[in-house]
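Sending over a structure as structure tokens; questions will come in a sec.
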């Protein structure tokens, strides 16, 4: 085993996808030296005392074992005990990878790992729009591919709620689309995502186009789309317009940095904010907040699956009327 | 349909086909057993649960041919409790009536049309003695994996090369291999397949009493998802596993430094006693020196049990630790009065095989390779 | 004839599945079918499974529906197609483990081993984890097909490993075409029924073939413009409840007897026996429980369907008020809609919809149906003047 292969690795941070990729990179590094290295996962919820001993014992297939311990931050005493014991006397031919999301649980093991010179990999959370924007750009860059700036935005909007989905969407676009990936490609593949529809509804409502907003909404719900994310997108759009409208002048790039938004989002929000004033925007946000509560009120019951339509319809109509300057519908 | 059959014949046949039927069949109709009466004078019973199929043909006086499907377990229960007299069976509208002496039973017919077609048995590829087959399967299947981490290891790898069959299974910590000879249909037969260990051992149990078991391994393309076994009038198929089995040839040590021979039964009892007092997952340590084997469980000062038995030793002394259950599994199926243990180092796999006499030659047709576990030194 | 005919109004889904069954490059080993209730998620999975095992003519005809494998898959009796449905809240780890092991087996009859998980939304963290490795790299001839109401209902780790196939509500046009071609229904009737049923195939068929159902729907859609006084409201509520009760009673008795006969035949039990053996009794008890729950649900569903019809009238009126040119559900009753749109302002229409929505919630919460509907009808009274 070459010196490049780590025997102790600590992955800290809450971002599952990044943690998973960290594990993959360790496995890959190990497998460049030993193609048949075996990977064993230990999950805290099903841990049996002594299990670590079994897994770190060599198997007949010889070769290296990568032992991945998940969720140290949820570990019970037996696992902490066994890990500490192991770190006192590490086995040959084993790479131990410990995953720790956050918090103080399992600190004894964390300290011991660091003291033993474990390689530490961070799995930082991807939270803000800007983080996601950067994430997509980085995915394409590392695949040596190009994606248009507004396509990044559309993609984040369409599938950005979950990083893993964002990553698999990137992967699919990289695989299926030739050359520069543009907004149309994103729409072709992810056009029907609820977030995109929500965005179009919000766009129409903010522009005061009542007929279009209601038709889009009706169409979306006939198609069985869940109103919850529609409301969420509506709220997000209003929030962004509100932020941008009240942030004053300054370059898009500057505002984007300040507000944790992507520059194209700042531009879009600026366009949408025309004709609105603070008071009506506030009222619109209130109406959507009300809808948000209504929509989630009884999601578990059957009727609620339908009645949220009303909540969304009302909210959209309210936003439309407010956009037209009517005050209340 | 109408036929007459001896009670024992009926009861044995039904009991045999339904033995593998699941209590929770994937679809209700699979709880049935299919009876096919041929005017030529045979009666065939079939059962199938998608994983295993079983068919047996017996002789009967068939007055009228036909096919019916009835509840398998119910028919087995009835047949078992009938008086020892000929049994008359005939269809009677939507029912099947069964008369034996003064007993009369009426069974409801299940829909034959809904019953799936049983997998076809392809031609016989060769034949193996029943007792050898059963023993080999028992010896090998103990080492198959029961978990789901590497599903392919739940299978027994069966390789056929001319007149040699090699069966092998491993769960990564131990490996069992048995070689036996058989009579292939053609001497250049070559085939490799993976049979689920659980169904293979059930099959061996249910057919092993016969003098010979025929294997049909199917051809490439259609039907290669199954293996068929046949003994006398009993036939069964089992579906195969798919995937690439790990390469295992390099697992057998190429050299030997120390060899010890012990009495198998004495060894088993001693290990069992010592392991009793230790906690789960605690290894047993074996210390071989000239004339003696010391067995201990527990680590260092915490040793919880110890015992010493007689042992021969050629080569350097050695101390080695094993998972006690894995060790006992292997010793339990050796089937020889003496156990030969071959070692290189205490961190390398040990090979366990049997022999008939203390100072005789090793019988290498069965080898159980066991990986030692780490122990605090 | 093709098994895909059962996927009504889903041309894109059909072409995706058809391609996957015929072109190796378009095939993948893990699929996730999503769509609202009734959109046919598990039908899609089964038809796809049939197409994969089909031994018919092939090509565009794949999934012929005629050959034995096709018929076995559609009947649920193909040895290589495992359909997992659960009445438990969660699919347990033990079951997931069994599935993983089964997925390792070679197909014994067909080309593929197909694992259909009908309620993939019921995989919890632990059981999902158990499936991951097999989902990601199953053996060469194993295909996983998972079904769930929406992407959001499935754990991310699972859905990111699957190709997603989304079933939408079919367009009224597609439903009408089906009624025309399959049931030989007159085109204008078929279009009316499909639109009125809001694309629900079963309801559309009933509307198209059953004069009573049409009459009932007309009664319901004419309720709004007839609600002038308290007396009208109370009467309308009473009629609705009576109708729902009778319908449910009639259908469920026939249905129960049929189900019972079918189960007994499958179990090989005596249909006429006074007492059944214990093993059969256990099955019958489970069937009884299911049928009771079904009957309760059916009465509820019947009222709920009526309320859906009712709400559609107000929604149409709302569309008229908003000036949208979208297709109306009740295009066959333009006067009613126009009248309603004139009588109510947009916000009053929204209020009416809220009133109906509230009634439905109360029904779910086990309110007395008649009382709930009376209160609702009173709330829907036409504005005075």
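Think of it as A, B and C in the order they're written, each chain with its own count starting at 1.
The criterion applied here is as follows: a residue touches a chain if its C-beta (ideal position, glycine included) is under 8 Å from a C-beta of that chain, and two chains touch if they have at least 3 such contacts.
If you're wondering where the values come from, they're calculated on a predicted model, not measured in any experiment.
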{"item": "Core chain by centroid distance, with centroids computed from Cα atoms only", "value": "C"}
{"item": "Farthest chain (mean CA position) relative to chain C", "value": "B"}
{"item": "Distance between chain centroids, defined by C-alpha means - chain B, chain C (Å)", "value": "46"}
{"item": "For chain A paired with chain C, centre-to-centre distance based on mean C-alpha positions, whole Å", "value": "32"}
{"item": "Sites on chain C at which at least two other chains make contact", "value": "none"}
{"item": "Residue numbers of chain A (touch at least two other chains)", "value": "none"}
{"item": "Interface residues, chain A side, partner chain C - complex", "value": "43, 45-46, 162, 164-165, 167-168, 192, 210-212, 214-215, 218-219, 222-224, 226, 229, 298, 301-304, 306-307, 310, 313-314, 317, 329"}
{"item": "Of all residues in chain C, those that touch chain A in their complex", "value": "35-36, 39, 126, 129, 150, 152, 156-157, 159-160, 166, 168-169, 198-199, 304, 308, 315, 318-319, 322-326, 346-347, 350, 353-354, 357-358, 360-361, 363-365"}
{"item": "Residues of chain B touching chain A in the complex", "value": "149, 170, 172-175, 246, 248, 250-251, 279-282, 323, 347, 349, 369, 371-374, 376"}
{"item": "Interfacial residue positions of chain C with respect to chain B in the complex", "value": "68, 72, 75-79, 82, 97, 100-101, 103-109, 113, 130, 134, 139-142, 263-271, 277"}
{"item": "Chain C partner contacts - residues on chain B that touch it in the complex", "value": "26-29, 31-32, 48, 50-51, 69-71, 74, 94-95, 106-111, 114, 116-117, 119, 148, 151-152, 154, 196, 224-226, 237, 239-243"}
